[in-house]
Every structure is written in C-alpha cells, then in structure tokens.
Amino acid sequence: MDTSAFQAWVHEASLLITEHASRLTDLDAAIGDGDHGINLRRGFQAADEMIEKSESETDTPGAVLRTVGRALISKTGGASGPIYGTGFRQAGKALGDVTDVDAVLLGSALEAAFNGIQQLGAAHLGDKTLLDALGPAVTAYQVAVEDGGDIVAATRAAADAAERGLAETIPMLARKGRASYLGERTIGHEDPGAASTALIMRALATVAAGEAS
Amino acid sequence: MKKLINEPEGVLNDALVGFAAANPDLVVNLEDRYISRGPTAGKVALVSGGGSGHEPLHGGFVGYGMLDAACPGEVFTSPVPDQMLAATKAVDGGAGVLHVVKNYTGDVLNFQMAAELAGDDGLQVESVLVNDDVAVENSTYTAGRRGTGGTVFVEKIAGAAAERGADLAATAAVAREVNDRSRSFGIALSANVIPATGKPGFELGDTEIELGVGIHGEPGRARGQVSTARELAGVALDAIHSDMPLSGDVLVMVNGLGGTPLIELYVVYAAVSEWLEGHGATITRNLVGNYITSLEMAGCSITVARMTPELTELWDAPVQTPALRWGR
Amino acid sequence: MKKLINEPEGVLNDALVGFAAANPDLVVNLEDRYISRGPTAGKVALVSGGGSGHEPLHGGFVGYGMLDAACPGEVFTSPVPDQMLAATKAVDGGAGVLHVVKNYTGDVLNFQMAAELAGDDGLQVESVLVNDDVAVENSTYTAGRRGTGGTVFVEKIAGAAAERGADLAATAAVAREVNDRSRSFGIALSANVIPATGKPGFELGDTEIELGVGIHGEPGRARGQVSTARELAGVALDAIHSDMPLSGDVLVMVNGLGGTPLIELYVVYAAVSEWLEGHGATITRNLVGNYITSLEMAGCSITVARMTPELTELWDAPVQTPALRWGR
Amino acid sequence: MDTSAFQAWVHEASLLITEHASRLTDLDAAIGDGDHGINLRRGFQAADEMIEKSESETDTPGAVLRTVGRALISKTGGASGPIYGTGFRQAGKALGDVTDVDAVLLGSALEAAFNGIQQLGAAHLGDKTLLDALGPAVTAYQVAVEDGGDIVAATRAAADAAERGLAETIPMLARKGRASYLGERTIGHEDPGAASTALIMRALATVAAGEAS
C-alpha cells in the first residue's frame, strides 16, 4: 500500500464513521455518555481534511498515519481521541519512512497501534473496550499473513475478526472507561469503541481490496 | 428536544461568546478554547477543564482565589491537549501550573498528554486527580471513581492556597488532601439531552429514579423508586458514610444537577443537615445551589468534606469568580 | 411528578428549615413565615414577598445592601398580611419600611392589608409596585402588567439607596425609577409542576413554546414554535424595545426560569448582547443565571433597564445576600 | 338563621370546597396558576377550625362571619384570600350583633359582601371574576325575597343564579386577576373564583334548607 492508499483509508474511515455516527452514539448512550459517534466524526473529518490540505507533510504512509494521530488527538476529545490518536501515531512510527508498505510491515504497524493503546489506557482484553475488537483483528491479520495471505486477504480477515470481537463485547462487563461506572448494567450491550474499531478495520480492508468509494 | 440554542454544533462557541460578553474582566480565547484571568507572576496557576454542560464548572470558577484557567470541551466531552497546553502557557506565572483533573479516562488521558507537551516546552506541571464519587463500586478494578462535586471544593481550597503563596508541591498537596476528604453521591429524577444528539441519555418511568449517577447523563449504578427527600438524602449519606465515616466538622454541598428548582435543594439540605446532626457531624460551611450540573438533568448530588481548621480557613479566603464570590 | 420533597404540603416549611440551616446569619421565623436580617437602626427597611417557587427570589436577596425581610407564601400563592405585618415589625429600624410588591392581584391586596394594619400600629409604610412585564398587553384595562425580572433590579438598587441612608420617600422614589426603567419578557420551553397538584400547568407539543410567560406556570400570551436562541432573543427584545426604546447604557439580566442549563443562558446572552449592540445600546452591567424562577420551568426571561450613572453606582454598591454578593 | 346555622354554613362550604378542590385547581390551571382549590381548601378548613375552637368570639352570626373573614385573610393567601375574607367580613359587619338573621338582613349581608369585594378588587361585572357569580346570586336572592320568598327559597335562588353566572363566565374575556394576562386565551373557560362562589352559595342554600350533611 502506498501513500495514497493510506490517505484513501483515512477518507474511507471518515465516511464510514460519519455514516454510522448515530449508531455509535446510541451505543454510547446505552452504557456511556452518548457522544462517541459525534466525537469520532469530528475527529476523523478533521483528520481527513488535514491529510488533504497538508500534502507535503504526508508524503509517506507513516507520515499520513502520524498526521492522522495528531489530528485525532487535537480534535476529538473524550477518551477515544487520545486512544485512537495514539494508535495511529504508533502505527505511523512503526512504518518509518517506507513509501510502499507490504503485508508484514502493515502487520507490525497494527500491532504497534494495539500496544500503544494498551499502554496508554491500561485496559486488558475482556475489559469491554475497543481493544476487544482491535486485538482479534491484529491476531487474525498476522495469522492470515503467516498462512501466506496477501494484504487484501489479511485486512479482510482483520475486519471480519474485529466484527466478531465487537459481537463478543456484548456479554462483557465493562472495566475501563466511562462504561465501567455502570458495572453489571453494561452487560448485553456492544462497546461503542469496539464498534468504531470494526468500522475502521473494515475501511482498511475495503481500501486494500481497491473497492473504496 | 427544546433548547435555547442556535445550531447544536455551535453551542460551545456561542456560550463562550456569551460568557465573554458577560465577564469582561476575564479572557476568553475562542480560538484555543480556554477561559483565563491571565498569568499572576510568582503564583502557582490552577488549570482545570472538562466537558461542557456542567456550568458553572469550570469557567465560572476562574478568578481571584480559585482557578487561573478553564478548558471547556464539547458538551460532555473532555477537551483536547491543545487547549490545555495553550491555557497552561497563558497562565503560567513562573511558579508552575497545577492541573485539576476529574477522573474520567478522557480527561485523564488528554490532560496527561497536555502535561507531557508542557513539560517538553519547559513548563513545570503537576496534576491532581479528583475522584470523590462513592457511587462507583469496585473502583480498583475499573477506571476508578468519578470526579464530581468534590471538584468544586478542590478548586476553591487549592486556589486559596495558591493565592496565599503556596508552591506547586504544597498546592498539589492541599488539593489532594481535599480530594481525599471529599465524597459525593448523585441522584437523578430525569435524564438530560445532549444538544448534538437531541435524545435523552436514558428513559425513566413516572416513578423511577437513578441512584448513583454521575454528571454526564449516563444511567446510575441502580434504578430506584421515587421517595421522600429525607429518604433519598439518607441513601446518599449512608453511601458516603460507609465509605468515609462522617463526624466532626464538615463542609457540605447540596448541588442541583441543572433541572431541579432551588426550593427543592433547600428541602434536601434540611434533610441532610438533620441526618448529619443525628450522626454527630457538624456542618460548618455549606453551598446550596447549581455548581456542577449535568445540563437540564433533574436531581441533585450531595458532597461532604471532612474539614480541618486549616482547610476551613482556606475555604473562607476571598474568592471572586462568576459563580462563587465572597470575602473581598 | 418527581420532586425532591417530602410531603407536598410541607414543601415551604421544609425549604425554610433548610434555608435557615444553610444561612445561619439570617433569621428565619418559621412561625410567622419570614426571613430577615433583623432591624438596622435608622435605616429604611425593605420588605418584599410573594409566592414561593421563584427562588432565589425573595429570601435569597435578604442581606446587606438589599432586602431586610422577605415573606414567602405557599408555592405560587401570595403570602398573607399576617406574615408581612410580622416581618415589617421585625425589621423596622425607625426610618420606615418600604414594601416592594410585584403587581399581582393577590400580592397587591395582601400587602395593602398588611400596610393598613402596620399603619394602624403606628408604623410608617410605603409601597412600590413592580410591573415590568411587557408581555401583558392592554394593561390599562386589566390587572396591569406583572412584576417579574425587574423586581431583582428594584430590590438591589433601592436596597443600596436605603443602605446609603436615603429616607423612605427617597428610597421609594429610587425603587419607582428603577421599575419605570425596567422591562421584561419571558419564554417557556416547558411547563412546571406545582407540588400540591402534581400536574403541569399546561401541555406543550414537541416543537411548541410559550411566548410572554410569567413566573407562575400560567400559559403565555401566545404559543409559538421552537426557534433559535437568536430569534427568540429578538422576539423578547423587539417586544421590550417597542415598549421602551433601548439605547444608551443598559443593565441586562438573562434569567433562567429554573429548568434551563446555564450554558444555554450564555447562548442567549450572546444573542442579547449582539442584538443590543446592533441597536446602539451598551450593556454596562449584567446578570446571567437563575434569579427569579418558576420552579422547574425550562426557558428564560430577559430584563433590560435603562441606566443612569447614579443607578449604576447603586447597582455596584456592596451587596451580601445568599444569591447576590459583591463589593464587600 | 341562628349562630349555629352560620357555623354550619362555614362547615358545609369547607366540605364542598374540599370535595371540589381539584376541579377548582384545574380551572385555575387553565387560565391562572393552578392553585385556587388548594388556596380555598386551606383557607376554609382553617376558618372552619377557628369557628369550632373559638366559641366565645363567635357567638353571633355576625361574629361567625367576621371570624371567617379574618381566618380567610390570614390563611388563604393569593387573590382569593383577601377577596373572600373581605366579603365575609363585610357581610359579618352588616349583620351587627343580631342573633337570629331573617331573610332581609341576610340579603343586606350578601349585598355588603358584593360591595366590599367590588371596592377592594375594582372588578366590574363581566370581567370574568367571582363577582360574575356573586352578583347574579345577590340579585336573585333579593328578587326572591321581594317576591315573598323565605330564606330557603331565596338562598336556593341565589345558588341557582350563582351557577348560571358561573356558566356565563365561559365566553367572557378576563380583565382582572391573574387570568387577565392570558387575554383571548381565557375565553372558553369557567372562572375558578366564580366556581368557588357557586359552591359557597350552594352550601348556604343547603344549610338554610336544613339539608346539610
């Protein structure tokens, strides 16, 4: 994937999140404070705009992701702003200044995102956060690559796994973030951050498959 | 949804324009989104911030004897590090800056990033976490307790310490002491409506209430039934008392969540003072009114702090802010 | 109906018990039902009163620089002459007592009887009527305009005049001047619920609002449609402006009716200040907050007073009451 | 009618008003502030209690009515407190210290009540106030007496006329009291004060006829 493919990912993610913003917000209203979709729409639209404008600073895949990370941090707010921002920044750092990213390198970037978020937010798998979508996605991606899959196959596997991970957050009891205040009452609901992660991974698979809008 | 706003996306900006017009003695930076009283040379500066919708918190507490700057986020959404960094730089008087952070993942992470950035720029920053809400159980395995009413006490008392010349470490220590001595519990009779979504955060039946709510329109720890103010005050105070036994001198706040008339807050205060008297605690200072709200949510929160003579003296020290003023 | 009360019949008493506990520096006479700061020898005393449910009005305005006593009636029901007489006697400092009366038939008649009884007992009493609400049309053929937001201005400014030593006639003259220069207009987004009935005073559709409401839960002069804060501020200010052309220095209050969050009041204040600027008036002083409420009604009222330098000076004079404090 | 009959009137009025309090309040909610029934129930119950307790001061019909007037003024509040209080006080004064009140004297008392209220509140017939029930009642009473009717007949005529007067307030536009703020919106509603006056007159007729509960 080259620089423009990463720019396309951000654009596709922004479109998907905008399209699903009210669903994300409704999920957050059930077990949080009802702003997740609004937050991410604001953040991703800002990131997408920043990518379009500042071409010189985003001339490598890594630079694109680092810029997205900074934009998300500066514009999103809430828990998801620093969390997604850190994820994208770490992924961008992992890409260095390579201009064409292969399947293996993209795998390291996704892993770096996971680790960055894990370190920042101190959540564990099973705590009902976006890690419960991102973790399975990273694993599925790597398994696919090890099995000889290309970027198209691996990102599709990641997106599918993120959606399964999202479904698996339903019976979980939230232990991190705002939802944790509700304790037992969080059981039976999807985690909003896991839902947005599934969308972002789906956007990646779509772009990798060359099917982006 | 019926609200006195223009466009939902513009609420924060419009409110800041109004706040600026109403408070010509304060600086409102619309670009970087902070409210400040400018730097005071040699004084430790206090910066707080958080999602909007809790007014007068935090902007209403900027002024002599309390905060130096406040960073309002979008409604119920923590502000971003850029705001906090800009505010921190704007009010640094050379003696360091204390970040007063309510314990929400978003606030914590954003303030943490701001503090790192400020540190990179050579500023001295300390952070103190407010986490006074006893409604959050099992807090060691989770994001921990929320910061609610205790924030008002921390900002007032640490603000007074800074005004008196306490250095950064001492100001932070006072703030932490106040937090350690403060406990809150909230009760909602209705949900609020975030302008951007236009929908209530939860639905309650005609006789249902939420016990142990925070200030963001999220449902509480448990659903309960309407009852007398006396009983509800008892529920809140029992929860506080079993977490931090109450006796001696206490500072009490009966805080309206935004949609409850003041006459009801006085009814609650009567119950609270009866309960505390019955348990051998003495209310030496109090606040009754809307200080940390949750938009138009009906209900109230009760905050109690166990006081020392020193803390009471700092509480009594002059304060001149839009929402709290006495003594000068 | 969900309210933080005990029994509906006990609301006023319970609230007074709470108010007394929260304000140990004031005298709350539960028997005779008044709140006072005791007599000040040689000073003209100001006594006001009216139905409860408008808190902080009037009890929250008792203190240095403002009222000497307030008589709270049952919720939305004018107090009785006995209360007013007792309060009048309690605060008379020998220089006479000014009754500040909002223009409602009940308030007028009850205060009139109290003044007669006080006169029989040898006290010197003057009354001033507040009738600032421009929403009431054809007022010459009816009970006349209601007293609403202007009451806060009258009580503050006449209170300052009395504190400075003005005699009864001069204090009354200042009060009348402030009333003559003040105009208000109220807008409701929802009805309130009187504890004793448990039912809303009117029903509004999802997009309906009441224009020209008073502070008692009665419907307004006309039903309107939800609109932007900017447009609604325009409706209110047009009504005020066409009754009393606005220019020069003005004192403005954007007052919450009880159920509207402060952030929205700032949005309205931004619109009000934009409108006034556009019409060549200059806001020299302002209040934004809940000062004269209508229980949990959502909405706001806008009050504008055309100021003179003398009135502004009296406005700035020190005031120390539960709800309004500055300058000392 | 002797002293105990007047005491019975107050008692009967208190019962009727208590029974109809929520209707009176609903009428007031429509065009006023929704407290008329609550106000009058509080006032009349206090008056009734005061009559029962303070026997020595209420040993004539006039004293009963004057005491009722004072109690209403001291306990009711609102517009109706001073208005009904003044009405009863003026009626009581008109009775002097007569111990047995005949039809003619009762007529003068009712007229004194009307005049006292008219003077205090400065309302005119047609302004949609309780005078629009009381006025017709007084007139009908006097016509009945002039036509040779006894107290039973005259008070019944008065009560009937008060009820007709109440119905006639429906199309009126309020010009006095709190309802006047609503202007045109008051048309189509009964005046709450006229409704309570009709109850008080009905109580009088019931007692006069010896049918009180």
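Letters A, B, C and D mark the chains as written, and numbering starts fresh at 1 in each.
One rule holds in what follows: a contact is a pair of C-beta atoms (placed from the backbone, for glycine too) under 8 Å apart; a residue touches a chain by one contact, two chains touch by 3 or more.
Heads up on the chains, UniProt names are A, D = Dihydroxyacetone kinase DhaL subunit; B, C = Dihydroxyacetone kinase DhaK subunit.
Remember, it's a predicted structure, so these values are computed and weren't measured experimentally.
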Touch-network distance, chain A to chain D, counted in steps: 3
Chain centre separation (chain A, chain C; CA means) in Å: 54
Whole-Å separation of chain centres (CA-atom averages), chain C against chain D: 32
Chain centre separation in whole Å, for chain C relative to chain B (CA means): 29
Two or more partner chains touched - positions in chain C: 75
Graph class of chain-chain contacts, one of line, ring, star, complete, other: line
Touching residues on chain C, where the partner in the complex is chain D: 51, 73-82, 104-106, 109-110, 112-113, 135-138, 141-143, 146, 194, 196-197, 199, 201-202, 214, 216-219, 221
Chain C residues within the chain B interface of the complex: 2-7, 11-12, 14-19, 21-22, 52-53, 55-56, 60, 75, 189-190, 206-207, 209, 226, 228-230, 232, 258-271, 273, 283, 286, 288, 290, 293, 295-296, 298-300, 325-326
Residues of chain D touching chain C in the complex: 22, 25, 29, 31-35, 38-39, 42, 73-83, 120-121, 174-178, 180-183, 185
